[in-house]
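Think of it as A, B, C and D in the order they're written, each chain with its own count starting at 1.
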């Protein structure tokens, strides 16, 4: 299974809407081509950035189908299939597998706090329903549930195809503990943009990020500098792009990435309410950051 | 509009499922009759306790319709209409109004953190779509978004029919500030069971709670003792029921209320996965607490 | 020992300094007479408000000696003897006992975080060194160490003369748990001014507060209303004084109480650096609050 | 002044006590020689590890005098002079300067929370009282006060000889912001052992640590690997020593370093109460970690 382990820059797609609020698949196609042209090593359709939580089931299915068909195996794909019930998550996972996804990503979203038995059973149900690898995704900032490292490792040990861990708490100590407690056997990925330098140095296999929609060459440069042990280059590259990474993460990825794409000539509409489009001040600030990076 | 302001014990319904996982409306009817027999002052269908987040739209609609028809105006009703998008929340609010709900409750659930403008616009959209009162519900523990008192008051001031505030942070200082900053003009409600005594003493108009499914006489006794200024009785009543209030809140309301109802002879099934039914130890503990209260 | 249990309004003294920064004991005498005239039920020399942490040992001894001589048994006294080492805390406790203090108060201040064994041993050492009661004081906001309820109860059970608990976390659930887990046998006291109403309603035996330096009649009125079961009066009294309680707590007690005393004609100097005197805006704000209360 | 900026491994001394609890200066001398033999780039007498907070003034003075005389300029020295009042901090800073310290370190310890004006004035008072550089030390875990990056930079800008910043929050984003907001002009140091790899990669000039008392060759190897851009070596070195770094930080530096020194044949006594010596389980665990590193 190790051959299917993802690595490198894993770029997130946005979900474009037309002016009437419905899906704009042609724009999605153009944004996917941009990510590919930018040199990402893999693509993650419908993650948090893709507003998956705000789509109806038919919309969700359409986006996955279109995305996988567009990518067409040019890079590996990992589809975020998280949903509020186990049954709906399983349905999405099977759908993604059937359409050819390389792997799926599962965040333990819930309304009520889940206990450890419930979280484990949820991952087991998803894992057993499909034959492709699962990336466990820990992000208490969006899911409301924080998975301790011990629980993550228990899930990895007990559910065979949970083989990757995406950590988005922003606490580098979590990655240290994942590595120490698993003797370096668990592949972990960084999901916190402003931690990219340190996570890669600490051994993250990849960086899951929406940033390559806007600054792919900088993201790749940082990754490659760390891979090749060019520490000074890595540090410089990181500090150069840090203000962008900080801002898009803090201000919200669908909001800022959609605004940034429009600035660079790719119209993808605005996020779905209650999310609003980036306001004028935000647009000027983001434009300034992007211009400074060119 | 003050005549429509709710007060007293506002009881939450659960949503019964049959052994095949589908809605069991007859059991829902029986649980509603229990709440009414227990003397609640109002009923809140489909709040957090009702697993509203885990239902499909047709299920959600069916539960609201059945609940309102069963209650049939015997007490005021307040329907939780929160959903992830503004459009879906508005649809639910209109649906509840059309079927005769007294008021609706709105929690700013979202996947992405909302900023203040987004939260305000969301409440404005819901408020303007309906003609009945809205209870703003603040519960960062489930929504992930904490509304500061200043923002709550701004929403109350700017959206005409947001006339009630349910506070579930468990921090009594929030209620103090709501009262001080509004000169006592904003009706606030307690949504944190183990804070019931203090919230009522501090001036809460009512107590939104799932506890009356199991111990309605104790909940009402506490409320009445505070209303009548019998402080010693209030304190005694509170400490007598506190262990139950603590446990159901901490262990999860759908899980514990469904288990408790079964213990008292009303079969309502188990929560929907990933939520699991209360395990054996939990059942024994809850049974002990309930027995001690008889 | 129950006869020595304190109750009611326990007023904190400030420590006046002259313009040269040295102790001004005559002013201390005047401030103590004010507290007594205000009707406090007990006095706590040299608590946090008294800047005990900023005094040299000779200064500390002089303040205790002068305070106890001035009070002269007119009300019970409880001296805060906390210090960074166990040995110094024991010395202070013995000194206070020898000079006639009714009880001592001990906060587990430390530089390094203490584990449970260290905290227990610290209380045991102090308890065994003296024959008067000890009030355990939990205030992570100043001590950096938060004592869980279970540890507090263990200390109370294992160290005979630790018979009182002052809770200053501001979390009313701590008091609930102290009462539930001890079957109501542990005397607890409120140390968080803006929680005074609820703590007293929940069963606190007393309210440890610096507020009676400025508004003793309001503090006493609240206490008496709760004692006599006049709930509406209690609520009104509380909300009337809440802005003062909030401000002095938030802005710092030595700073605000010294400024307030000066406003009312009692010159007690300014706090010791790094603490600064209340600035002009703060003085105007506090003056406004105090005037509104007259 | 840049020539006096410290760099590299900055080793902390412990303060040995004899069996009667008094200072054991000969043992202190031996521990200093060990640090020097271990190749530290600078020594920090009487930091947190040195139990400075638990010493009397005469003891504190004696330790500083003895330490500086023993080091005798073989490496630069930085003395922690923090105390609860500004006056006492200034006295210590002047004392350290007079005895030849290269620099002093100041943590804004206080009992009462300080506001920004108070913190700035405190640093200004210390800075103006001496002619040697000051390292501002931010460690809310021990001081109870967290200095935001903006305040740190304001102090650095307004107080001429505050030229170094030691960050111990463990949050790498603080270092990012220090670097970004100061255009890389502020020298920052890592004070959180388990963050050593990432802090150095992110540009920290040095690592303030008590670890070289026990594993100096590993600390130096990590520092040198980062300096020389050997990223794979740095990562391996870090993970090899991480369990030790984690444990001594989490369990308390005076407690664990003193136990570890005894294991390696250097008797330095036990910490001062309320701190206790490492218990049997702790000793076995630490011994195991140290043995594994040899």
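Throughout what follows, a contact is a pair of C-beta atoms (placed from the backbone, for glycine too) under 8 Å apart; a residue touches a chain by one contact, two chains touch by 3 or more.
Keep in mind it's a predicted model, so treat the numbers as computed, not measured.
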{"item": "Intersection of contact partners for chain A and chain B", "value": "none"}
{"item": "Most distant chain from chain C, judged by the mean position of its C-alpha atoms", "value": "A"}
{"item": "Interface residue identity across copies chain A, chain D - same or different by half", "value": "same"}
{"item": "Centroid spacing, where centroids are CA-atom means, of chain A and chain D in whole angstrom", "value": "39"}
{"item": "Separation of chain A from chain C, taking each centre as the mean of its C-alpha atoms, in whole Å", "value": "52"}
{"item": "Sequence positions of chain B contacting 2 or more other chains", "value": "none"}
{"item": "Category of the chain touch graph - line, ring, star, complete, other", "value": "ring"}
{"item": "Which pairs of chains touch, using the document's own definition", "value": "A-B, A-D, B-C, C-D"}
{"item": "Chain B contact footprint on chain A (complex, rising order)", "value": "21, 48, 51, 53-54, 84-87, 108-114, 117-119, 121-122, 125, 141-142, 144, 252-255, 272-276, 279"}
{"item": "Of chain B, residues touching chain C in the complex", "value": "170, 172-173, 176, 179-180, 184, 194-195, 197-198, 201-203, 226, 229-232, 234-235, 239, 242-243"}
